[in-house]
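Please read through the structure below; I'll follow up with questions.
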């Protein structure tokens, strides 16, 4: 329990470097969105975590076997270049999640290959970018992820993500967001897959400085704690062939059937 | 499958007769709220249902053993006089639900004795009566209850019910409501309890004519169909004492353990 | 509601034609496993269904656009040649399920491409083929799929499928199986995906005549009824771009935040 | 996180003192069942917990306001004298659970007043006392409660508890038990209620020394960790009356509706 959680903050790192967005991103996120997310986790969790970043433009998208073997929780932010993520890397991340690694899928990562592969649905939604106010409501007060934030969290400017959000029913529904345009979104959702845990959290867009918001940082820090592996063996579940029986000699009692 | 569903629409019938509310109620609900709900079901479901009403002011609140034994689905609307409902009647309804009868708990019935007894929680919530616009969003398009209504349902004037709503996580979350004040509410929730099914639906308040709204009538009709019993034996689950084993002779294989 | 449910019973049709299994299969399943499943549905559901079969050896595995467009519920049995199913057909079935078609994944179909794609996990399990007695226990008496069968269903000879079964937690857990060897399996599981419904049911193996078992036939007939689409528009959920707001003019009330 | 978890182990303490059972209990549980459970927690959790015991024969059943105010997790074992537990104490425990206290309901506590009140169902089941072998299978490897125990846990002699177990579908199903008689039971189940967490675990009967079993002790220790409160304010959820709106000025956009 006392070893630090090894967190890898993965960023697409596209908007940061695109002609259209570079200037604004440099203002909002001088160290990139991944840099801001990583800094927030380090600020709030201190020695309880060891945080590194990785980006899509690196070899193997920065997610080599070695990096994943050293990762307890992976956070994923992607938007414009989902299609450019190599399937082999997606499969590697998928196996690691099923083996126990936590995954935090953030905002537009709803359309990432890894999230769709884990969910099995289209993961489509409704959206509008018109600087809505977003209110994030806690609907699961017994959950570790919803601790230490006001009811509701208020985000002054955000892209709107709305229902219908095509996901499997969450194992735990933690947050619901409303928007000034009247929409609603299941914005904080937990699933267990294999030995691993997945948290989707929608607040956070490249055009708004949401990852500097103290309550959003708190939620992400809480989520890292929740998503950490329960064990140290990261092998995904596998078939157990021709297992020996536990009982022998069991005979059906016919008369009562 | 072809026998009509026997529906009993239960109403507190208090506001209809109180000095303060009588005039307004007579305008909005000349046949009482229970009368309006019953009429909507008959209108939409026709020969697929047989609908009666029962009210709190009747002997045994209109829910005698005979009436319940003739009821497949019970709808419940109460508000001002929850405490006046006799525990013996609550226990009777409870046993019938666990035996297979469907229950539709409507609006302020979140605080009815029967709903609290089935949920095990406080069933408390946030509220405000300021003629909000309510939008009811479908988040489970594969569910029979959400068929045939627009996305969202729009209710011009409604009391606001908001989170945190202290209920067990629904087995199926069908609707989420947003309000012009920015709040959110899990407004359409399904649970299974014993052999029976429970649907909570929040739209519907004595001060607004919501039960005449065509989409709300559709939801209630759908819910009656969903909540109908799967079988004809309405005995609640009970202990099976000293049951005979199904297998004999089973011996633990020690070496693999 | 009164139109017949259009069912396509899909079979791998490999064991029926393999040198090793042909003789035994001809005895147990003279019309193929798909033939037996189809006959059981027709026998129990009569005019409420229209049943056809399709097999992997047909062009496009018998699952052309036209066939799927005419299918409300698809049952899937595969085992030895999962890998030979074309991805394009899997994608087509996947889209149809998300659009509302019901899917019954049977026995070794836990390892079919379509089931894995819908689940997002490895779908691995433990197994042993030693003619165990299987007992199928109903743990959800309020569910339509568990109606009309004894507690438990007894299957004299069956392959053992055991935990850990690597699936997402079912939305509804209907059946648990025990085996004479002492194992347990979540043998009847429901999930909702997109607009569609998925039921996994494990009893049924090529080496045992399980699909002739009257209780197993009843479960499959019940499952077809449960899995039928709720609507006639089979388009999968999709992104709604730049949707207009429902409210205008909403301004955050600063002082209470 | 570093403060010890305050655990109160509650025991009915009836069998320990009854003429029929005293001798056998003294052999199996010289310090009472509550004493054995408390010792196991202290042994495995050390300084992470402060453990006390309380019994039904004490004033207010040992669960005074003061004791509960000093309790983070309560374990409950009762069997023969459920009816003798005062409703006022049950209500006090109920409020504390909804306020955040964890509750571990053990074995025959399925029929305790507090468990029934939290579940809303009959909590009935099938049983047989014939020294069955019980196998406890982990079906949720991502869960903290299932860590550090073999697959399956083997209990040589146990009372059989079988399905149908009349409980709400668990929020998280952790363990399934099979018995040498062929039965199955949902033996490890989690629910969230209000701000609190509830774990039911069936292994453990007065006639068998199950609470000395190292794997059972491990499960209980894990469960205490899982059930600990997330926060320090133990007030149950309550109604928020006439809350101010978060948005003002929101106007419905009519044309798109």
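Quick notes on this one:
Every chain is named by a letter (A, B, C and D) in the order it is written, and numbering of its residues begins at 1.
To be clear about the criterion, contacts are C-beta pairs under 8 Å (C-beta built on N, C-alpha and C of every residue); 3 or more make two chains touch, one makes a residue touch a chain.
Predicted model, so just to flag it, every value in this text is computed and none were measured.
Contact count check for B-D and B-C (C-beta pairs in contact): higher for B-D. The chain with its C-alpha centre at the largest distance from the centre of subunit A is B. Annotation: 35 Å between the Cα-based centres of subunit C and subunit D. Each chain gets a centre from the mean of its Cα atoms; for subunit B and subunit D, those two points are 30 Å apart.
Between the CA-based centres of subunit B and subunit C the separation comes to 31 Å, rounded to the whole angstrom. Residues of subunit C found to touch two or more other chains are 133, 135, 140-141, 154, 162, 164, 169, 171-172, 180, 182-183, 192-194, 237, 244-248, 250-252, 257.
If you sketch which chains touch which, every chain touches every other chain without exception.
Residue ranges of subunit C in contact with subunit D, taken from their complex: 133, 135, 137-141, 151, 162-165, 169, 172-173, 176-178, 180, 182-184, 186, 244-253, 256-257. On the subunit D side of its complex with subunit B, the touching residues are 98, 117-122, 124-130, 132-133, 150, 154, 156, 160, 162, 164, 166, 168-169, 171, 179-183, 191-194, 236-248, 250-252, 257.
Note for the complex: subunit A touches subunit D at residues 100, 133, 135, 140-144, 147, 152, 154, 171-172, 180, 182, 192-197, 230-231, 237, 246-247, 250, 252.
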